[in-house]
Amino acid sequence: MRFWVIQSLNGLALGGLLFLLSSGFSLIFGLMRVANLSHGAYFMLGAYVGLSVLNAGYGFWTAVAAGAVAIGILGGVIERVLLRRLAGRTFSQVLVTLGIAFIIADSSLLLWSGDPMPLPVPRSLTGAVPVLGVFFPKYRLAVVGISIVTAAALWALLERTRLGAMIRAGVDDMEMARALGIPVPRLFTAVFCLGAALAGMGGVLGGPILSVYPGLDMDMLPLALIVLILGGPGSLAGAFAGSFFIGFLYTFGQALFPQLAYVILFLPMVAALVLRPKGLFGARAA
Amino acid sequence: MIRALPVALSSLLLLAPALSPSDFYVNVATQILIAAIFALSLNLLVGYGGLISLGHAAYLGVSAYLTIWLVTRAGVGHLPAAAAAVVLTTAMSVLFGVLALRATGLGFLMITLALGQILWGLAYRWVSVTGGDNGLSGFDRPRPFGIDLASPRAFYLTTAAVFACAFVLMAVLVRSTFGAGLQGVRDQPRRMQALGWHVWMVRLVAFVAAGFWGAVAGVLYAYYNQFVSPHVLALTSSAEALLMVIAGGAGTLLGPVVGAVVVVMLKNVVSAYVTRWVLLLGLVFVAIVAFMPEGLVPGFDRLRRRRRRRTAGDA
Amino acid sequence: MSAEALRLEAVSKSFGGLPAVRGVSLSIADGERRLLLGPNGAGKTTLFNLVTGDLPPDTGSIRLFGREISRMAAHRRVHLGLARTYQVITLFPRKTLAQNLELALLGLSPLRWNPVALPSRRPELRERALAVLERVGLRAAADRRLADTSYGEQRRVEIAMALSQEPRVLLLDEPFAGLSQEERREIQRQLAAIPRQVTVVMIEHDLDVALSFAERITVLHQGQIIVEGSRAEVVADARVQEVYLGA
């Protein structure tokens, strides 16, 4: 019983982090048709930025904000400078993001060395609280809370604001969005910044749980891919459900079959691919 | 025959590295040929099928793991182990192909990437079978028919023979009636369907052919390195192969070979001075994709055509 | 001769809630020349796509020589003798005309699965491609790249691709679109030369050329059949005057 409660809570915490990672990944893919393969690297770089800010003596929440802002700006610059000149060449865009992922990964190794480094839990959130009869780290509960608040904020942004309406129009039908006079290039930059900032923030928040280490990027990227495959591109609700599902599955997989946890991830993906009659991206796969 | 000259020339070119007095160059040449087989196999998909895979390391890696595991852990003989590795890896490519070809375009790219990453994670974590981070070692090259493959030159010549077979067979494939269909499917899938071609099956056959030749490269890789670690299954490994194809020119026969020469040389030269290969790989990737998307071989061809036209115009 | 080449019963198709084809039932006799008429958006091309399998119907049954094909994969229908041309040219611009034709011929040949058969070593393949090009008067251009030919010539290749498959039912989607008077007459001659036993269904807006070709006419409007009959009957029909000719 104890085991199940603790692992369920861990699954929730990982799901929350995954949502921060994959909501941006999914929005970028849904809107721009760019599979941003640097997204895992953004997550890792966010964690490293947070670590440096903490080491410089600032507080944890400053580090979270710094990670989000730094990676958001980086994303915006990459979108403006590289992705935009390749507009309309989907594969070139995707391959450029792959190259950037390598550049970030190796530069981080150079700057922050190869040792795994955990980020300290903020003082206000140390310790544990009783949940269903077990003591569970406060910090992990806070991460779940933050991700749910973020999801609500994103939902409000998409459903209740002008910017959100433009994003939804772009995801549904880009041609129509252009015809309606939506400033598509600026929208792309905004969404790319937002997605990158969410990944950077997720990286810092994940630091105390996952630590930050070379290879974190490539550990996270496939999880974001699988969430996208399960949840569907551009769907916030899909990213939310997919993130928590994969969070649980991966946590229990690692606890029960540590050597084969990765193969267990494979199963829902295969199921999704086989069961959806039109394949994973439906009619828009082309 | 007009064909005799290029055949003789390329055979000479292929044999030349064996004459080098330095083991280092012989080994670099061996690496190039293995990489070239691997890149050619990926080119069947990327260049001729129009299907961009980011998980091709799966076939090289699984085949290399299987070869070494079967020999060192299961006590299977070298020849049956190599054959089994190729057969099993090809069977895996059927399964992966069925899954990945649920989509085309970006969806295909992402499924192949996800499948490749899962194998990479498996190689890392399934320690009891794969040896985890340490990989599998304790693997020696055999002495078939009294030829000592431990010698760099003998191994190079063996690799060269396999490369020649692979090149010729893949060249025939892309020029065959099936190859014409594969390229037709790449350019106009709907039209090909309306002409009676089974578009999905054509793609699957290409996928499996690419998996098969990737597996052959994997066996050579295993014997060359006598060691395998999760690194071979990493995304960087798939990306290197894709870089070879794109840098050389996708959809040309010589492109991937030229790409393999460039990338392997770069890797060897650079790693002699700095340890930042992945950084350089990323930079080259961005530069090639953003500024030279067509690749070296088509670019060179166009230059030559233009010059020829100019000389013709002068005369 | 069997009576029916193609039979549609209550076939419907919508796109995201918008009906494109609504309960169409149609019977086309073996060897018939049928014209599909109707204003833009009447559902004519969608109907073709349903018959060829480019699109699956939402409901209804489609029979080709009595065989139910509405759930059959598109390429298999081709092997049963169904061929089509497209309104927008979708050929292989970087290949020569002969190579374009060879792809069409291979589509029905077991050779298409052969990974070692070089087309250059199969003279019979080229012979057949040239013979078809001869039929549309393009034999002399066989080794030109498609991209280097005129639009009118590409239209003829489009028809040649379908003819090369020796279909039993041929669907022509606006074969005269965008052609000059002279080119139209050329296509008209070629269509007239199609063997009598081939059933031909044509979508066309140019009434002069189309009416001279078709025996029976079906008029579609907003996804439904409004009139069907002989030339004289259709031209005289008040509803047709209203929705199509009169407008």
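General observations
Per-chain numbering from 1; labels A, B and C assigned in written order.
As a convention for this text, contacts are C-beta pairs under 8 Å (C-beta built on N, C-alpha and C of every residue); 3 or more make two chains touch, one makes a residue touch a chain.
Keep in mind it's a predicted model, so treat the numbers as computed, not measured.
Here the chain at the heart of the shown protein, by mean C-alpha position, is B. Farthest chain from subunit B (centres taken as the mean of C-alpha atoms): C.
One simple way to say how far apart two chains are is to compare their mean CA positions; for subunit A and subunit B this gives 32 Å. Taking the mean of the C-alpha atoms as each chain's centre, subunit A and subunit C sit 49 Å apart. Rounded to a whole number, the gap between the C-alpha centres of subunit B and subunit C is 42 angstrom. Put simply, subunit B touches subunit A in their complex at residues 52, 54, 99, 102-107, 109-111, 113-115, 117-118, 120-122, 125-128, 234-236, 239, 242, 246, 276-279, 281-286, 289-290, 293.
Partner subunit B is touched in their complex by these residues of subunit C: 52-54, 73-75, 78-79, 83-84, 86, 90-92, 94, 99, 102-104, 106-109, 111-120, 122, 125, 161, 165.
Against subunit B, the residues of subunit A that register as touching in their complex are 29, 33, 35, 37, 82, 85-86, 89-92, 94-96, 98-107, 109-110, 218-219, 221-222, 225-226, 228-229, 258-263, 265-266, 269-270, 273-274, 276, 279-281, 285-286. For subunit B in complex with subunit C, the residues that touch the partner chain are 172-173, 175-181, 184, 187-188, 190-199, 205, 209.
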